[in-house]
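In the two complexes that follow, subunit A is the common piece, with subunit B as its partner first and subunit C second.
Entry: the complex of A and B
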């Protein structure tokens, strides 16, 4: 008998909630009014009809992040860069030591599943980066997705696996720097081109402006690449993913090794 | 050469499915990525190229997946649903030793995951030196390793051996 009461009350309450949310507007009015600010971004993100105002990318968020407020993102990238420089400075001279440990990692089951997942993880990260100007995502998100690989390596296969796979701090720093240099090159290219040709060009200029005809190519054989956005996304992908690699590699250093080497430094 | 095919196909398929696009742009990037990742990762993933590229083995893997997702899952669910719905909770939980015969790591791991993903049994640990799974069994039919093997592992391992061994 009590079961029936429970059953009936569940059915009744779920039905009442479904009815209230669907027909009585219990969740309040849906926000159908788009604010003017949002409308402006939506109208101008991809708009070949207004070339001096548009970004030529249908992804409004990436348009904002790398063009409308591009300099802000540039400084965010620099802040991230400085944070990694600081981490490298703190850990300077401390290397991986494989003495006395086997580096067994987790069980066979976790290791085999993870080694199949890592190539898939790389494919997904590259897809997020390569579509940053078309769909939600972009360089930072893709970099964070790829950085998962470094955590998986450290946790599942042990931190010693970096050395066995040829992933070194120096290489990660080099790849991150290559990404940052590419960003700098893309940012400075319109200015350099302008100086060389006598045409006015702006820092981070993506597409034509009222007083400047310079523009990065928006299409390559019919494929939309949205000017600077694809290059900035791909470069940011490298800078962020290998920046995170550096951080996670440093964090996975053995505490006793770090203490020992820091201790030596304090004594001198 | 054949060693690189399986990983390349996997990476290309994941890239295309995740991107949700077959535009020339994605086909080119997907192909380049597949080649690059396969060159780097194949030596860790593919030990025997003739097995990895065998159409027959792949067909048996697809057949196993169909069998597992329908028949094996249905059987396991029916047992556990029976336990949940009955009033007196007929459980006899135990962690049992289940010896595995397979040598290949893909067979061992696929067997372990098959056991874990069916309700009622969970592989809680593996001892590769003694070739043992430690399995939590919600209704232990018996505690000796052979009974456990017959009831929990034999069916999966036999079928997966035809795929991977």
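Entry: the complex of A and C
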């Protein structure tokens, strides 16, 4: 009976959506021409000829995410930060000790394969973050890629491996906070510099504006680093990846140990 | 016919079948794996839609983080779906 209900509702909703998006044109006019808005972003993402409008990054998506609509991304980062704070608040006062985790892990074959995969995973994550202003990717993508390492460690080698690698809960929280502080520093730097020198500077300012000559360096020894983008991507990489590390370290604690330590509070 | 559209149809069908399997499966561990397969099909579709930035974040979340978080939660509760 349950299977029939699920099947019928899936078939009905898919048919309705397919009908609405094709025959009724529910998505609006769809053409093969690039829309004006997209053209504007593509023209101004990397355009040294229009310095007061450009981001100086050939990657249009990262340009939009960290400059054209940079404040949105800043608040998204804050939302993620608050989510981690909530997780830490739920698990407050619980010591992350070896007694609280299962020590088994998986078989030797899985362990050896994972040992080969983890350095590759770290390398790819760092490359996604450091090239975020040049190729698809960026801080959040890189952070999610590195966070997979925390899952592999917890599942394949058991949660004890965090301690063996020197990743403690306090250290993960500190690294995540360092990422967030770096983001704050990059955001506030133009304003602080402006106040110190008397030149007008804006929050999150990346490159020169019509009424402000301040700009982050766009090149370092001939390499394009796109001003604030590389710093924001690297800082977001730390904030997101170690945020996920915190979550998975807490989740890998044994439930009976957690309940025992939270104890009476939960019984009321 | 456009190969991109054919591949889109293929991956969306896979996504649909595995979404159905994930909903009807009583064993929660199996349901999570079906759900991860469905997400992977969607990641392939996002790539075909030329959104590599989304693929890069969707793939680790769909294959790694989301099933892992759910598996940890299943480990803390019950293995079977109750009525």
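By our rule, the second predicted complex is superposed on the first by the 225 of 268 C-alpha atoms of A that agree within 3 Å, B and C clash if a C-alpha of one lies under 4 Å from a C-alpha of the other, contacts with A are read in each partner's own complex, and residues count from 1 in each chain.
One rule holds in what follows: contacts are C-beta pairs under 8 Å (C-beta built on N, C-alpha and C of every residue); 3 or more make two chains touch, one makes a residue touch a chain.
Quick caveat, the model's predicted, so the values are computed rather than measured.
S.K.: For A:108, select first, second, both or neither according to whether it touches subunit B, subunit C, the two together, or no partner.
M.R.: Only subunit B; A:108 stays clear of subunit C.
S.K.: Based on the superposed arrangement, let me know which partner A:123 touches: subunit B (first), subunit C (second), both, or neither?
M.R.: Only subunit B; A:123 stays clear of subunit C.
S.K.: Quick one: is A:131 in contact with subunit B, with subunit C, with both, or with neither? Answer first, second, both or neither.
M.R.: First partner only, subunit B.
S.K.: A:10 contacts which: subunit B (first), subunit C (second), both, neither?
M.R.: second
S.K.: Comparing subunit B against subunit C, which has contacts with more of the residues in subunit A?
M.R.: With both complexes superposed on chain A, more residues of subunit A are touched by C.
S.K.: After the superposition on A, what does A:81 contact: first (subunit B), second (subunit C), both or neither?
M.R.: neither
S.K.: Using the touch definition from the top, say if A:251 reaches subunit B (first), subunit C (second), both or neither.
M.R.: Touch partner of A:251: subunit C, not subunit B.
S.K.: A:223 in the overlay: touching subunit B, subunit C, both, or neither? Say first, second, both or neither.
M.R.: After superposition on chain A, A:223 lies in contact with subunit B alone.
S.K.: For the complex, give me every residue of subunit A touching subunit B.
M.R.: My answer: residues 107-109, 112-113, 115-116, 118-120, 122-124, 126-127, 130-131, 221, 223.
S.K.: In their shared complex, at which residues does subunit A touch subunit C?
M.R.: It comes out as residues 2-3, 6-7, 10, 14, 61-62, 128, 136-138, 140-141, 144-145, 147-148, 151-152, 154-155, 244, 247-248, 251-252, 255.
S.K.: Can you check the complex and tell me which residues of subunit B touch subunit A?
M.R.: 7, 10-12, 14-15, 18-19, 23-26, 29-30, 33-34, 37-38, 41, 44-45, 105-106, 108-109, 112-113, 123, 125-126, 128
S.K.: Okay, in this complex, where on subunit C does subunit A touch?
M.R.: 16, 19-20, 23-24, 52-53, 55-57, 60-61, 63-65, 68-69, 71-73, 75-76
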